[in-house]
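Chain lettering (A, B, C, D and E) follows the sequence in which the chains are written, and residue indices restart at 1 in each chain.
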Amino acid sequence: MRYSYFPGCSMESTAKSYRLATEYVMGRIGVELVEIEDWNCCGATSAHTLSAAMGLALPARPLAMAELREPGLDIVTGCASCYARLRLSMHKARSDKAAKYLIENVIAMPYEAKREVYSFLDVLSGEEAAAAIKAKVTRRLTGLKAACYYGCLNVRPAEVTGAPDRENPMAMDRIVGLTGAEAVDWAFKTECCGAAHQNDAASVSRPLVWRILKNAQANGAEAVVTACPMCSLNLEMRQGGYRKHTGLPSMPVFSVLELLAVAMGASARQIALEAHHVPAAKALAAALRRSGGGVAI
Amino acid sequence: MSDRQEKMRQSAEKLLRDGEVGYVIGWGATRFCDRTTPVFIDSPEGAASLVWNEHAVNSLAKYLLDDKYPDKKIGLFARGCESRAVNRMIKDNQVKRESLYLIGVPCDGKSSDRCRLCRERNPLVYDVLLWEPEANAAPADRFERVRGVEAMSPDERYRYWGGVYDRCIRCYACRNACPVCSCRECYVDMGRTGFQGKQHSRSDNQIFGVTRAFHVGDRCIECGECERACPMGLPIMGQTQKMLKEINELSGEYECGLDADSDSFLGRFDLDDKDEFM
Amino acid sequence: MSLTEGFEPKIIAFCCNWCTYTGADLAGLNRMKYPENVHVARVPCSGRVNPQFILRAFQKGCDGVMVCGCHPGDCHYSTGNYFTRRRFMLMKRMLEYNGIDPGRFHARWISGSEAAKFRDTVAEVSERLRKLGPNTKYREALREGADAGKGGAGI
Amino acid sequence: MSNANEKLDALLAKAGVRQYDCYQCGKCTGGCPMAQAMDLKPRGVMRCAQIGSLERILKSNTIWLCTGCQVCVERCPHDVDIPSLMEEARYAASDMGYERRDSKILNEVFVANLKMFGRNHEMLLAGLYNMIAVKPLQDMSSVPHMLTNGLVGVKPHETKNSESIKRMIERAENLSKIRL
Amino acid sequence: MSRIGVFVCHCGTNIASVVDPDRLTPAAREMPGVVYAADYRYMCSEPGQQMIKDSISEHGIDRIVIASCSPRMHETTFRKMLKGTSINPYMLEIANIREQCSWVHADKGRATEKAIGLVRMAVSKVSKNEPLYAQSIPITKRALVIGGGIAGIQAALDIADAGHEVVLLEREPSIGGKMAMLDKTFPTLDCSACISTPKMVDVGAHPNIRLMTYCEVESVSGYIGSFEVAIRQKARYVNHDICTGCGLCETKCPVKVDSEFNLGLSKRPAIYKLFPQAVPSKPVIDSESCRMLKDGKCGICAKLCPLGCIDYKDEARTVTESFGAIIMATGYQLVDWAAMYGEYGGGRYRDIISGLQFERTVNAAGPTEGHILRPSDGREPETVVIVKCVGSRDPKKGKSYCSRACCMYAAKHAHQILEKLPGSRVFIFYIDVRTPGKGYEEFYDQTRMDGAVYVRGRISKIYEEDGGLVCQGEDSLLGSQVRVRADMVILETAMEPSQGIEGLTSMLGAARDANNWIQEAHPKLRPVETQVGGVFLAGTCQGPKDIPDTVSQASAAAAKVIGLLNKSEMETSPMISAVERDKCSGCGACVGICPYKAITLQEIDDRLGAKRIKREVASVNSGLCQGCGACTAACRTGALDLLGFRNGQILEEVDALCL
């Protein structure tokens, strides 16, 4: 399995443990990620707010580069926001001739949108990958109750993502299940966490984070698992207010890749678990102990 | 090329020797090096006379209509165009799939001008495929000629088609070559009903032309046999293609004979069809 | 041109029995007035109208042809006019493609209660054809020029 | 009046929204994560579109608070693409100078960032934003943790070809009059 | 050569004041084939008709044209007149020179010219007319009612009371339908069972009604007056001829599966009656769950039965019956909301129930004996949220139509909760409140006065948190987002056509609308008929409706059937399609176009040179064909033609106009 890889800006900075876990897991299960040469930011929320052309062109450039260099490879990204922007450009280039024309003019290169854009969840859900994961999991995170948080942009809008279930997706729950952890049934899997406005409208965006964490805890979760560095950062970094506001304890937030890495034997140091804002290693260690492995993390 | 021809001969010979088919329809040589002729091979020995070269331009499927109730299966070499014709004939209840043995021969493009428009070189239905499918070449602009006529003024268009039909000799070769013309008796041969006269006049010829387009246009597989057969070299595909172009514009992507199940455009309707008659 | 002066077009209207023919009758009951040019041929359903009737009408000398039926959804036979709609959308385009002026062929939905619409449609079509003048296209045995060939083996 | 309506109609057409599709059921507002902070709820935006009050839409904080999470259109019985309408409304509001200050600062800092490096430098983005928007303390409690763990560096990550990206962004800005 | 007579009517001055008979009649006399032409003041009058009849015999006329008023007015009159003459009633054409000439034109000269044209068209057409003979179809005096809900029950009773035999067919083991499941009926709140079970008993006891439960229609052929219906009696494994319905078998059956009647809120055994008041009051064995039938182990019921009714070897049987008319009363089902609405939990939360489940809950004969308890923990709910339009008015996820009955039963549910659970709170989320029925608005008023809080807005999401169901939506009258924490939620879900409607309607040739409801022949004027002769509609199979409307429609359909069955035979129009087999290539273009499924491909023996072959040709069923002629326009070769409107006749008209 080989993919052209679009890391996204967060992977280079705040999502340190996510990045290390990605490298670890993909290496173990034999997924080769070919980083797109000279990739640029997808524009996130700001670019399309300023200009439609910019919003479409920024993600299209790395996609076009990928198709040029590695025409046989589909593209994968680990960030929900990047995923949504990349897929939108792909979708528009395929379905709207005027948009394709505009994109190609701005990026000054052809973009045929022949290859698919996938998320890590898509890649890890494939039969082949799932089998590889099963084969590589050496220790189990028994009893770790995790709330899988997909975020809005991994699933919506349906015509861009093609996600079959936008209210209660199960792909990540199944992957988490492979580690021996228990994915809890909860109701805020695809509610917006307000990441887009945590800078420019902080006071009204914070409660979005709190509501998600609260529902996760109300349904018995002791950790939140994400498939996006932006979601992770937002849910984690803004827990100070949560404790103050709700009186509830804070909650570790992992990426699904970190859970996989630990289950495959990665040590805390290997994937920089100490980099989490909310202490993370303890919950994992407890789960490993429960499984009888007793292996230090 | 000769390798493929050999495969075709072997395949036909085996089918005939095994008694699988009564005869095989294919192409044979003529005394002109740049022409072939449809041949009907009914003995294993005869298979040696089959040829396969860029002059195998005749579409063979039409001959199936001459033997709709065969005692044994008919072997037919099928390229994209033959297979689309067969699909259409099955849909129109003219031939039965089980009375055919389709020998798939992916086409490499023939010398005929009409092959420029080919969108499907590989047989869509077959019993055996003699060699690997061919890549479909990018077809020429499907409706280029139609657009050319559309660009004229109404009077110019009338003159254009008038000129075409002035030269028509009403030999009906177009009808006879068309694989989707399958009536037992053509309306034009039935004087008593009075649909149209048999005179050879501009008016009657024009009416024959438009009616023919209407009768086959929504089932046309675009094989171009009508034009190939026309002894006067008239651009009569321009009529059926206009039908197809309009159908494409009214109801989305439309091509005939891709399968044996699809209803033709005039044989069904959609509640949401465009309505310009309010 | 003096050709169109005082010219009265000859129009045939194929009307379905259940809607348009009834609407035309209602126009009569209400003593509405419209030009004399239109002659109605009654058919059970607009779906009965074969495109060849239209070609025949032009050939024999009609200056205009109308096909009228129930509005979609109101067909007495439930689906007939849906086929009419498809058939004559294509027919109209084919006629225009062959050089017939778009003003010469009209398809229209007119219900049994739309007497006024029948009147207005007839008036509108008559007026339009009056301006267009006599139809020469598709006419048989026309004096349009020797090149037309009057029939027989004139090659 | 008719001028305003033409503008509204053009905006709706670009957004692919037919205002009369909406029958005001309120499911959009019901599910909107930001509804409580909005001065005009998503259903209200559609109502304004129906009664022809473009001005109220463009002057609302709603269009700037929309997170684009798509939950409204996902659940809308008539598939009204409100997020797309919000986007078009943001462009129109910017053209008319109704831009919300905080949003404007953030977006401009973001793009300036991209023009410099081709990629987004999160620390720099937050820092510059806080400085210009005069919110010096926002999120700053996390900074020491980030620095010690190497989550953000002082040296920005850069594409090799940041100059070409800058030119690309400028082309897009020039084209920004063409709204898709 | 034909001998045509033309008769010009003055219609008093209605025609003659504009169209000049003195020009028209002589002109007609000159037309080809015309041997006689005359005019008269009133052709439709007794003397006028006599004049025509006399002329026919006097001049040897074999076909006539009458130039008069619209054929819609007097075509039948003149056809009847011809019955007493030497010529066939269909050797007649009418030139409409009144409604479409004298009344709409003022210029006498031009109107007369046009009238001459119209007469010429008619003369030309009639020259191609041919004698046509109406067929007479015998009527089988027996009706089939498909579906044993309240619509089918009412229709069957009405027809039976009029003295005709009825077969009432039901696929479930008992008649009763949805109404038997309901607790009370709005707006009067009378108990549903109290008003419907006596009717069920009447059906069971009526000498003219034969009940066929646990049966399905396998195929239908024929047409109005003589349908042949193959009915499949599913295996019951209980001999109903000797079973007394004592119920002993049910008590000891070890199997427990979800009860269909209680919508999964309780269990039932494998040998069961659908519900206690079932008609017939005898059990069947559900072969999918019975241990004896699945594994051959058990047999308890056979041992227990004192009369030896149990027959594990019972098999399905198919019987074919004849009927003169059929009433469709197949009803509705509720949409599968869980598959449509992930935002309402997609079926994951047990305390979200459908309106019909609530009916079973609140019903004294239901699983909780009428106590309103929530399914998850059996507690009484304190706060209940009712959500309307779930699946209705939602073209994206559900149905675009309004389900009509939900506004009222939502009000009823609220009323019942507030009555049975004092101190409880009920919130009803709605988009519009629709109460167009007798006493309905008053009932809605009462419910509001009972204390039900109506909130205008569609619920966007329902989720579980801390043991309650949080319903999140907008109070659109207040313009703000609201969250209501509920203990139980009732979803008032959309009706959709019963499963299996596609197969049944296509067997009958009846059309369905865009939403799969059966299409009525005309929305205003023929609302209880389908476009297939002899097939009628009762109740919700035609579209959502409440009980009063259903019962009215059932009686209306019954009246239509009674009218039909009172005749012993009926005449069909001979103006139908006919196939010329020699020309037909069997392409089938006509088959799909026919709205009545009147055309099929039929295999015939033929010769091809010396060879005998079998080939397929189109064949028109004269009982089904309604004479629209759509097939003829689809037939390229003209093998299909419409009698009375043949291609040749219409072309003659065209030619005549252009002369």
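Keep in mind that, in the parts below, a residue touches a chain if its C-beta (ideal position, glycine included) is under 8 Å from a C-beta of that chain, and two chains touch if they have at least 3 such contacts.
Keep in mind that what you see is a predicted model, and the values were worked out from it rather than measured.
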Apart from subunit E, the contact-linked chain sets are A, D | B, C
Between subunit B and subunit C, which partner chains are common? E
Comparing A-D against D-E, which pair counts more contacting C-beta pairs? A-D
At what distance in angstrom does the C-alpha mean of subunit C lie from that of subunit A? 65
When centres are defined as mean Cα positions, the distance from subunit C to subunit E in whole Å is 36
State, to the nearest whole Å, the distance from the C-alpha centre of subunit C to the C-alpha centre of subunit D. 56
Which parts of subunit C, given as residue numbers and ranges, touch two or more other chains? 51, 56, 79, 83, 87
Indicate the residues of subunit A shared as contacts by at least two other chains. 166
Touching two or more other chains in subunit B are residues 187, 194-195, 266, 271
Can you list every touching chain pair? A-D, A-E, B-C, B-E, C-E, D-E
Within the complex, subunit A is touched by subunit E residues 341-343, 345-346, 348, 461, 463-466
Mind listing the subunit A positions that touch subunit E in their complex? 165-168, 185, 187-188, 214-215, 218-219
Given the complex with subunit B, which residues does subunit C contribute to the contact? 51-52, 55-56, 59, 71-72, 79, 82-83, 85-91, 93-102, 107-109, 137-142, 144, 147-155
Which stretch or stretches of subunit A touch subunit D in the complex? 9-10, 12-14, 16, 38-41, 43-54, 56-58, 61, 92, 96, 98-99, 102, 105-108, 152-153, 156-158, 166, 190-192, 194-202, 204-205, 207-208, 237, 240, 272, 274-275, 277
In the complex, go through subunit D and note every residue touching subunit A. 33-34, 36-37, 64-65, 67-71, 73-74, 83, 87, 90-91, 94, 100, 102-103, 105-108, 110-111, 114, 118-123, 125-126, 129, 133, 135, 138-139, 141-142, 145-146, 149-153, 157, 159-161, 165, 168-169, 171-173, 175-176, 178-180
